[in-house]
Amino acid sequence: MSQNNKAKLCVSNLDLFYGDNQALKNINMNIKRNKVTALIGPSGCGKSTFLRTLNRMNDLIENVKIKGQIEVDGENIYNTEDVIKLRTKVGMVFQKPNLFPMSIYDNVAYGPRTHGTKDKKELDKIVEESLKGAAIWEEVKDRLKSSALGLSGGQQQRICIARAIAMKPEVILMDEPTSALDPISTLKVEELIQELKDDYTIVIVTHNMQQAARVSDDTAFFLNGELVEYKETKIMFTNPEDKRTEDYITGRFG
Amino acid sequence: MRKLKENILKLLVYLSVLFTISTLVLIVGYIFIKGIKGINLSFLFSDYSASGDGGILPMIITTLYTVALSILIATPIGVLSAIYLQEYAKKGKIVTCIRFATESLAGIPSIIYGLFGGIFFVVTLGMKYSILSGSLTVAIIILPVIIRTTEEALKTVPQAYREASLALGSTKFQTLYKVTLPSAIPGILSGIILSVGRVIGESAAILLTAGTVAQMPGGIFDSARTLTVHAYLLTKENGDIQGAASIGIVLIVIVLLLNTMARLVAKKLNKANC
Amino acid sequence: VGCGSNSSDSSNGGKVTVSGSTSVGPVIEICAEKFKEANKDISIEVQQVGSSAGIKNTIEGTSEIGMASRDLKDEEKKAGLKETEVALDGIALITNKSNKVKNLTINQVKDIYKGKITNWKEVGGKDTPIVVVSREDGSGTRDGFQEKVGFKSEELVKEAQISDGSGNIKTIVEGNENAMGYISFGYVDKSVNSLAIDNVEPTAENVKAGKYVIARPFILVNKEGTLSKQGKSFIDFILSDEGQKIVKSKGFISIK
Amino acid sequence: MLVKSRLVGTKHRDNNNNNKNKYVIEKLAKNIFMISAFISVISLLLIIGFVFYKGLTPFVLKGYSFIDFLAGTEWVPSADKFGILSMITASIISTLGALIIGVPVGILTAAFISEIAPKQVAKIMSPAVELLAGIPSVLYGVFGLSFLVPNIQKIFNLPKGQSLITIIIVLAIMMLPTIISVAETAIRAVPNAYKEGSLALGASKIETIFKVVLPSAKSGILAAVILGVGRALGETMAVILVAGNSPIMPTSLTDSVRPLTTNIAIEMGYAFGTHQEMLFTTGVVLFTFILILNLVLNKLSSKAVD
Amino acid sequence: MSQNNKAKLCVSNLDLFYGDNQALKNINMNIKRNKVTALIGPSGCGKSTFLRTLNRMNDLIENVKIKGQIEVDGENIYNTEDVIKLRTKVGMVFQKPNLFPMSIYDNVAYGPRTHGTKDKKELDKIVEESLKGAAIWEEVKDRLKSSALGLSGGQQQRICIARAIAMKPEVILMDEPTSALDPISTLKVEELIQELKDDYTIVIVTHNMQQAARVSDDTAFFLNGELVEYKETKIMFTNPEDKRTEDYITGRFG
């Protein structure tokens, strides 16, 4: 329980197989509460796979085998039957904005409604708060009832974040949330992440070294399914321990 | 030499196209020329009379009954089956088995459905010759069509929608009725429209299960005649080619309308997915 | 609730299901229409599925009354059926309008159907082959025809065209000058020639007088003891003067 | 920043109990879906069960010989003679004949629609083909009986127009839309790169179609053909009106014949006892043909996936 | 006619529109006989479009409008009706190897057969020579009858080149022929290009600066549908005239 005070998520001895192909190899990692943790590494190294184990999105894929354990607040998430509760607690924002073909309002209200909030006033409040939280309220407040698919990529991605926030999760997982965005939108989302970390534990996958350096407190470097190095971002980027980390962050491969 | 070969091949292609088009024009044209004289309001909307001079209203009503009932039976079963296959089932023996069954059902000739319905629904289940027996039989016939098109429609719903919904803590079922199904509805609709066409065109299977009673059905437990069966019986029993052609016009117009509807719906589907 | 009693629960309304012969069907349909005018609360379903199927349906209880255009077979009689003769019907031999042959002897007819005579010139017509058209095995019309002409099903010339409806036979004969077929009097019209047999014209009078021999009864059958009140009153209606008038108007012969 | 403090505040009313309900619904839904899916399987089993039970009764319980049934050429139910070799032959010949016309015409038309026709023309042809597919088969029969039969009699100078040729033509026309639409899909799936490759080598459009496009689409085209066979083998109402239905072994294309389907339909209304069961047996034979075709099709499509 | 002595292809005042969208703007370019000319430029600048005008592959695309003229050996290719002759003279190798689903032999023999060569012996000879010319003979000579799709990407691409050579063209157009290949296969294809240029005029589109520098005699730099600079490769890479060229080849954008 001692670790639990600092660590929100504890991953120990995690192995993951797609069929016979091992995509994650003995990962051990404690992710700190109210910090932003960045996952970096070359394409195919297992970043997305790892992220998706944290809210059991890999359950959707056939033929996945998982060993080891992951605890959220000290509770093993692969022991509970209640995936819904886990996913309510651990929200996710995907690489490509994936809003539903509904209005902006309905998108953000989707989660709360699913969990039984029916009251119009309460929903209004949640939607407004979440959109404000995602720094997109001003831009969309006059067209909440229009389709969410009419927005720009950057706006859509922030609505996705609002949608995740509306669930009042404790952890937010983000899989390359800005890779589909233009530089200005990216900046906005990065600022947002900085603000959100006071209230949430954030884990973010990124391909962009500069982004990792800018937004994260801790960084984990993955390579071929292994966790090569994991430490404070400042230290990692100035003084990497492992030769492979150094090569990667200085752009020598990948 | 090369040019000659090329021209021969071209000629073959154009001859084929000509054959296809001209058969269509010939058949539709023939039916229209033969049958148009018989088309008038009293033919379409007055009651049938065995002593002649009657209209085809009872057959139209029977056709409507049969379409409504069989669609009502087959749609929920078909859509739910497709959902199971597409959203729930894991690859394996069970799915293979179900797939094989639906594919086989799709290939069975309707006369065999007629044989089956004629002893199973009519005799064994005691439903007698009735619109109900007929509709149940055609419901099995159209089941694979609805399953197939619904599956295709579900496939076109982006996986991202499902993931987004699940990641928000929804159950699979919530995801299904809030996100996946609404996106798939145009596809399902076009499957239903296709099936309506199939039901309307069906003859052998309905003849052997719904019977041939030429009068206004009082309900689904009555035996009655659909338009297509009526066209067949007019030909066979009365040698009334002109009457059959008149009904043919009605049927062709219905088919045209249904096809156009299906097209519009499909267009909508494409738009929705963009 | 026993077989065929589906209508007897309510004393007034109810449904009478009738099925069977396609030759008998049309006239019974008209009777049913007239009957309903007087008995609005009774509905009558007339199913034209063929003589044998009608009898089978009656035995199985799928229908209350069966219509047949032939006598019952022993097998069928054993099932406990009661039969009621409602009309007589002649079977006319028909040829194409352009065919000059107007009369055949019954032996010529037999030989044509057995395949011994294959060319119209052998019976005084043009030098063209005879295309024989027959109903399908099991048809009451065919049974009656074969019995009166005097040959068996397996003797029918193998090349004969088989058609499962009188209308169909008429269409074939109308469109083919080589063709010859047979249909119930009720279906004969001006689109085809109907032949005299042994110089006897195919008319109702000649049948009634016993001169035109290719004829058979129309019967209704029901399971012994299960006829509903409504069913009985319908049969009574057909046997009544009004019913028999309808029979006559369709070209059949009244049993009275 | 005002917002944030509020955000963490209240939790959703969600509790475990609520979730438990959801899991129950989830299970229930899944089971309902599964049961629905099994209705197809049950239907198929029922159909097979009933048709085979009825159809095999004479052989199992009444001592008829199945071999005689299959190999016999005489069909006289009232004389207790049941042999369907002639009908099997008729079915096979008429289907093959229809294939010989329908397959090339269908494939070439499909090639035209997907590769040659200008967009506008293709836009008209596709609905036309759909219409051809949607016309009820009875109408093909009506057309065949009153138009094709007399004309074929005239053109070929025959004593009668009901014949194998007529069946073949009607079936060929009826299988066209099936073949065209499936082949069209297969042809459209041929990668553009193949076409460009061929054109860049100086091949003409037609050469490209015949040498590269059609061969590349062959498994899809084969599937189209098999579906066409199914359609031809199973067609009843159109055939019954043009076949002549004489139960004889065909010796020429001008003979009138009785394919399996029409044997069932033409006599079903009149059949009784063993006769009726033998019609079911005819259905069993037809059914077996179709099932075999389906198996082949299945194999083909799984091969196409590889 | 004077230019014709050196120039195999003369492009003058070429404009190309996709619908209303102009993809090529007033291109003027003389491509030299028996040289390798590289086309470079950022994605979407019109390289492929330009290449495809040279053998009229753009004819296949609807809504394309072309102005200006292109001469091959002094003959305007958009005046002739005989596209087939043009494409026989001007062969093409595509970015992704696009072999037909036939045997290796049939792939290479496809062109000659199409043009009427039936004689078995002659075909055998052409196939062997072409495969040798494409430096792939040794690797495949024992399995000429097996499917071409069973080969590796690099092998397939060389067969594509063999297939083009078998037509005995005078010009070979190549659209990023090595972008789908691994480094070793790339090297082999590059060597091949060097060898081929004695007999053929080669135009090659490439994204890879190094490749352009290695294989080409002349280089043309495209930007937004315009031909920015076109000169000897050696001069272009050491001493670009235009600021935008310099930026591009030194990797400052694109």
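Which chain is which? They are A, B, C, D and E, in the order written, and residues in each are numbered from 1.
Just so we're on the same page, contacts are C-beta pairs under 8 Å (C-beta built on N, C-alpha and C of every residue); 3 or more make two chains touch, one makes a residue touch a chain.
None of these values were measured; they are calculated from a predicted model.
In summary, the chains found to touch both chain A and chain C are B, D. Common neighbours of chain D and chain E, by the contact definition above: B. Relative orientation of chain A and chain E, expressed as the C-alpha superposition rotation angle, is 180° to the nearest 5. Averaged C-alpha coordinates put the centre of chain B at 15 Å from the centre of chain D.
We define each chain's centre as the mean of its Cα atoms; on that basis chain C and chain E are separated by 82 Å. With centres set at the average Cα position, the gap from chain B to chain E is 52 Å.
In terms of their C-alpha centroids, the spacing between chain C and chain D amounts to 37 Å.
The multi-chain contact residues of chain C, meaning those touching 2 or more other chains, are 22, 49, 163-164, 168, 171.
Counting partner chains per residue, chain A has residues 84-85, 88, 115, 167 touching two or more of them. Residue positions 171, 174, 235-236, 241 of chain B each touch two or more of the other chains. Chain pairs that touch one another, listed by label: A-B, A-D, B-C, B-D, B-E, C-D, D-E.
Taken together, the chain D residues at the contact with chain B in this complex read 22-23, 25-26, 29-30, 32-34, 36-41, 43-44, 46-47, 50-51, 54, 104-109, 111-112, 116, 125, 127-132, 134-143, 145-147, 173, 176, 180, 204, 206-207, 210, 230, 233-237, 241, 261, 264-265, 268, 279-280, 283, 286-287, 290-291, 293-294, 297-298. Residue ranges on chain B touching chain D, taken from their complex, read 6, 9-10, 12-14, 16-17, 19-21, 23-24, 26-28, 30-31, 34, 76-78, 80-81, 83-85, 87-89, 97-98, 100-105, 107-116, 118-120, 124, 140, 143-144, 147, 171-174, 176, 197, 200-204, 208, 228, 231-232, 235-236, 241, 244-245, 248, 251-252, 255-256, 258-260, 263. By the touch criterion stated above, chain B contacts chain A in their complex at residues 90-91, 158, 160-171, 174, 178-179, 182-183, 272. Residues 115-116 of chain E are the ones touching chain B in the complex.
Contacts from chain B toward chain E in the complex involve residues 1-2.
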